[in-house]
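Structure below; questions to follow.
We call the chains A, B, C, D and E, going by the order they appear; numbering starts again at 1 in every chain.
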Amino acid sequence: MFIGRITGSIVSTQKVEEMVGQKLLIVEPLRVNEDDQSDLRPTGRTFIVVDTVGAGEGEVVLCVQGSSARFTTETKTLPIDAAVIGIVDQVHVGSNAIFVAADD
Amino acid sequence: MFIGRITGSIVSTQKVEEMVGQKLLIVEPLRVNEDDQSDLRPTGRTFIVVDTVGAGEGEVVLCVQGSSARFTTETKTLPIDAAVIGIVDQVHVGSNAIFVAADD
Amino acid sequence: MFIGRITGSIVSTQKVEEMVGQKLLIVEPLRVNEDDQSDLRPTGRTFIVVDTVGAGEGEVVLCVQGSSARFTTETKTLPIDAAVIGIVDQVHVGSNAIFVAADD
Amino acid sequence: MFIGRITGSIVSTQKVEEMVGQKLLIVEPLRVNEDDQSDLRPTGRTFIVVDTVGAGEGEVVLCVQGSSARFTTETKTLPIDAAVIGIVDQVHVGSNAIFVAADD
Amino acid sequence: MFIGRITGSIVSTQKVEEMVGQKLLIVEPLRVNEDDQSDLRPTGRTFIVVDTVGAGEGEVVLCVQGSSARFTTETKTLPIDAAVIGIVDQVHVGSNAIFVAADD
């Protein structure tokens, strides 16, 4: 799996019937800063994922890719290769919390 | 999934029987401009995808990869690893619409 | 899927029984020239694929990857992750035919 | 499969029900030093994996990706694409042990 | 599939039960030299694969990735994403044999 930040969304009205009603988010994967592992850095890549947990723009999420994206209750019959399966609260590396989600 | 622009098509007359009658499009994946996230940039990569939604050259489309490309009604028995599953009308990042499809 | 040129072949006599009798080709993936989209360029990558359509060295072919490589009549029980599923006659980008196969 | 070092963990309280109770680790893949093959080098990449063997931070582990991550007794119904399947004790290249796990 | 050279092996005593007794090899993928296609070059990447054909260190082998790694008689229930399916005797590009395995 990978973690990424939700940066936006896409609108598609003409699509295969299985995808009607699905929310499509733009996610930019993040990586642990390889210099000193003190924070998360954007990778510049762009993935489109289906949301199953009510995630919103700006949030850091856990995403699954490939056939496993069809192994949640909500996604099992969808023609998708990526889905959000969790909202990330904290990321710990060594004794540091390098990411903590802001309270709402 | 990824978004990409349809840049062309290929013709193949000698092929496995399962692929007879399938339209094969060339798609160049796009990414959100990582400098200021103000538009979509081409990636220079080349994918061949099967079309299931009547997409045309120049359009921006949503594509699925891997085994999930076989999970639409139209593609379930095809030996394919990539398919168009939607035509993209708009791409939103933050409060901006960074892509809006031209009206026909 | 991707398109590539067949550049060679490999010989393997000691192999799993399922692969006995399979022709193993070397394919170099091609991409549309990203500068002016006027021709196909080699990528420098090396894939080994199973041939199902009688393709020969020098030809440009359409290849499928992953589990879908097992979805043709000829390959359904093989332990393979890549197969040729068509011979490419022409590649069109915009109003140009940027590749046309030579007549035999 | 790949080998990697466990560098941290993530916390996600709001997630799909199938993932409740799963331990989520951060793994940085390692590669054999390509100059003289004398040690393992970090790759700078970040994967999130499910642990099934009780691995801890700092340990080098064997990870599997894709649908095969669902082929252990512990993971078969999970919507995951990566799992730890072993703790690495030693890595041998040529006549050298280029990695030996520290005794506890 | 890809071809690679076996450069080493790993030892893992604490692992999922399905993997007990499996031989784990380190493979470095090779590519055809893109300058003049006269030989095979190492890629610097590191894969861990299960051996099913009795391959040894230094040998060039054919490897399969993904779910297809579970489609040999020996590997069908294993949680693996890569396996050796053949030992490579020769690699031909154009009219040249750019690799010939040494006789034992």
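As a working rule, a residue touches a chain if its C-beta (ideal position, glycine included) is under 8 Å from a C-beta of that chain, and two chains touch if they have at least 3 such contacts.
For clarity, every value in this text was computed on a predicted model and none was experimentally measured.
Give me the chains shared as neighbours by subunit A and subunit E.
D
Note down the smallest number of touching-chain steps it takes to go from subunit C to subunit D.
Steps on the shortest route: 2.
For the two copies subunit E and subunit D, is the contact made of the same residues on each side, with over half of the numbers shared, or of different residues?
Comparing the two copies, subunit D and subunit E contact each other through largely different residue numbers, since under half are shared.
Where the CA atoms of subunit B average out and where those of subunit D average out, how many Å apart are those spots?
33
Could you put a whole-Å number on the gap between the CA centroids of subunit B and subunit C?
Taking the average C-alpha coordinate of subunit B and of subunit C, the gap between them is 20 Å.
Going by the touch rule set out above, which residues of subunit E reach two or more other chains?
66-67, 69-70
Could you draw the chains as nodes, link the ones that touch, and say if you get a line, ring, star, complete or other?
ring
Head round the ring from subunit B, going the subunit C way, and note every chain as it comes up.
B, C, E, D, A
If you look only at subunit C, which of its residues touch subunit B in the complex?
1-3, 30-32, 34, 37, 52-54, 62, 64-75, 83, 85-94, 98
Please give the residue numbers of subunit D that touch subunit A in the complex, ascending.
By the definition above, subunit D touches subunit A via 7-19, 24, 26, 28, 42, 44-49, 57, 66-67, 69-70, 77-82.
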